[in-house]
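My structure is below; once you've seen it, I'll send some questions.
By letter and in written order, the chains are A, B, C and D; residue numbering begins at 1 in each of them.
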Amino acid sequence: MNAVDQVINDLVIANRILANEDVVDAYGHIAVRHPKNPKRYFISRSVAPELVTRDDIIEFDLESKPVRSKEKRQFYLERFIHGAIMEARPDVMATIHAHAEDTLPFGIAKATPLRPVIHSGSFIGAHVPVWDIREDFGDTNLLVANVEQGRSLAKALGSDNVALMSGHGFAAAARSIIEVVRLSVYLARNARVILHAKQLGGEIRYLSQGEIEVRSRGYGPYSNETWRTWEYWATKAGVAKLLYKPETE
Amino acid sequence: MNAVDQVINDLVIANRILANEDVVDAYGHIAVRHPKNPKRYFISRSVAPELVTRDDIIEFDLESKPVRSKEKRQFYLERFIHGAIMEARPDVMATIHAHAEDTLPFGIAKATPLRPVIHSGSFIGAHVPVWDIREDFGDTNLLVANVEQGRSLAKALGSDNVALMSGHGFAAAARSIIEVVRLSVYLARNARVILHAKQLGGEIRYLSQGEIEVRSRGYGPYSNETWRTWEYWATKAGVAKLLYKPETE
Amino acid sequence: MNAVDQVINDLVIANRILANEDVVDAYGHIAVRHPKNPKRYFISRSVAPELVTRDDIIEFDLESKPVRSKEKRQFYLERFIHGAIMEARPDVMATIHAHAEDTLPFGIAKATPLRPVIHSGSFIGAHVPVWDIREDFGDTNLLVANVEQGRSLAKALGSDNVALMSGHGFAAAARSIIEVVRLSVYLARNARVILHAKQLGGEIRYLSQGEIEVRSRGYGPYSNETWRTWEYWATKAGVAKLLYKPETE
Amino acid sequence: MNAVDQVINDLVIANRILANEDVVDAYGHIAVRHPKNPKRYFISRSVAPELVTRDDIIEFDLESKPVRSKEKRQFYLERFIHGAIMEARPDVMATIHAHAEDTLPFGIAKATPLRPVIHSGSFIGAHVPVWDIREDFGDTNLLVANVEQGRSLAKALGSDNVALMSGHGFAAAARSIIEVVRLSVYLARNARVILHAKQLGGEIRYLSQGEIEVRSRGYGPYSNETWRTWEYWATKAGVAKLLYKPETE
């Protein structure tokens, strides 16, 4: 498989995993940067992630215009999230926008921040900004539906890995498809653990900055531990046959 | 397909989706107005929604009497909810009555109102009245079992989209089957998000009146974004083969 | 089918429904009184309810001794619950003992009583006693493992429909298999709704005594509404083919 | 089957049960001591437990070095947990390390201890220590990745059955595979019941020391009641065909 075929293959797997792990339902999407052209990204046409196949993938530029000018298929309205984050963050190779239910309370009740409390949540990073579209754009339908709104969100994200979007969902960014999927699945789990810890009362033990850093240093997309969950989730989602692990690494 | 065939087809899909998405169990039902005769509606005979097929659909007038006078099948006891709302609200084409578990706490603990907090919950509308059958009718079995009780509920609903029914469930109304199904699924999700946000503490960010209005203007039953979830839910519920999208729109 | 065959058939269906609806796991059981001999009852040998078939059913007397003196199969240790309740309550035809998870908090945190708050929970009855084996028997393994312990529980149950068993589970009693299954499934749901309503804050609306009584009067085991859920649950549990509705009623 | 074949067979069943019961996901593992050589233990290569087969099982010494010096397969990074506990506790035959979600809040919000409140949770034991890797080792990736860290955890466990690991998970120890699996499944359930009881308010009834002791005396791995749940869980996990109950006992 060449590099483009491989990221498209992994993008299909990722769509199915995200649906099966309840990160997305009919809504929510994942994009990956073109491996040969950093000014382009791939994302599915507008369809529920569980139904995505190779043929649904479309190539866009960073202003989220389709590369094929005659492209007639429907696009995700909020693809601008992906374009804007990739434009602002050359280190980012893959992005997710979703509305995983257990993350939503943290975007509308800001008294309790969403921060890592479990080791598998460390990849969230020490700081999760909360972006509210209302601040820059007033009353909208809450969707990130143009380049300006995308850039506002990307600015709020800054150099972090996840931004909550008030009343709406979250945007996550990482250096590979595998990592952004892992981050998004554990984001919801980490959120639930905070919620339940709050109900138990007393002080909460958060991961320290040092713990977060040690963990980040130890993992790559094809490290044995990262691959283990990718393989497992793909199997559960019924796409084990698409799994492909490159030799190099 | 003619207009009647199509609404009956979609009514079957809707029943299966509502069961699969846990809006209904053995109880709860959905009705659709006759597309050619606004004084009639269709609803299944008394059977669990997951088991509904075309042959189960019966036609009623707005007093919830069957059109075929010799109809022998069992009717839903609470079909009066649908007749009364359609009688009072010419704009409404489809109605649901259900007991989705996560909506129930809001009907019995009135300190926290059920209002939209997530963008997908906007269709609930800014105000959700709470109707308590006990106020007009004293001690009953809580069921809406005649025209008068139906009209009392319809009056409480007024021009809103959803009314909670204390100790019982909710009634939802919309201008199409697809929209009333979407509203009902996200009603439960919106309820859970409020519940969890309350547990996190602090002030809750509700959708503004303006945000609700902008969202309402942007969606029709066959808009690409609405169809996406209908297609997804139908596929998950095993009735993808029944999907039918009219050309017009 | 004769009367005995029919209750055994329904007992098998009930076991499968209780497993599928998460009322029981490997533990928990349901018994039915012998339709011709009120001093006998039927219950499965010791096996997980999901695995129960006709051949597993054993006949006991009300002291929970097997009728066949040479019976070699393993018995449920806690069958005494069923014998003692049927001994004390001639009106009761079927009993369940289970540990449905969402009922357990109410047995160990007695500040909030478990009472009906939703119409489908009305069959719990207005009062649910809490029995603690520790009070009469000191430190035990918490199991109701002999006639005396069974009678202590039956005494606490009195004329009510359900008794919570502290740190352990509940016992439910009704006039038919269908009704005791329905009661047990909705007991857990009613418990969850109270729990969540408490988290929303403010006063909770409980069903009134009058509402509970009106509901009780309106339902029999083969009423259309009761049958609807029995049929639905049996279908979901994969035993639709065993369904049998007697002509009479 | 000889003794080694049997523990490996049961280890495979256990892996599948733990995955199916949500004790583990892609992470978490179970080990069993070699039945003939107490200085050795068996555990799978690094793979998601749901995918484990006989061929994945590897033999280690108590310092968690593979017995076959040329072993090339990937090992679980945290196998040291198992080696260190078996080294310190000759009575322990099987150990689990996992991150079952509902146990995690108790490791980070220490105001509410995790203690048995339900009879099926009695095997947790009266005291559950909380071990925080940060105390002995400062900022780490939270994994128990060497012999020293394993021994620190084993020391915290002492003579108890379960230790919580702050921000990470738990380690459980028992005298057989069947018992450590049962303990781990009910640990999460017991945790949820405490959490919900706290939300109901008022004082919580914990199991007394005497109740815990009476229960412990009554159960062995092949007692009828313990086997019942093993058989049930194995059936649900799709490995009923592997079930093997030794004649002796």
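The working rule: a contact is a pair of C-beta atoms (placed from the backbone, for glycine too) under 8 Å apart; a residue touches a chain by one contact, two chains touch by 3 or more.
Model, not experiment: these values are computed from the prediction.
Between the contact lists of subunit A and subunit D, the overlap is empty. When you average the Cα atoms of each chain and compare centres, the chain farthest from subunit A turns out to be C.
Computed from the mean C-alpha positions, the centre of subunit A lies at a distance of 46 Å from the centre of subunit C. A straight line joining the Cα centres of subunit B and subunit C is 33 Å long.
Listed for subunit B are residues 198-199, each touching two or more other chains. Of all residues in subunit B, only 25-27, 46-48, 50-51, 74, 77, 99, 101-102, 104-112, 132, 134, 138-143, 166-168, 195, 198-199 touch subunit C in the complex they form. By the touch criterion given at the top, residues 117-120, 122, 189, 192-193, 196-208, 210-211, 213-215, 218, 224-225, 228-229, 231-233, 235-236 of subunit C touch subunit B in their complex.
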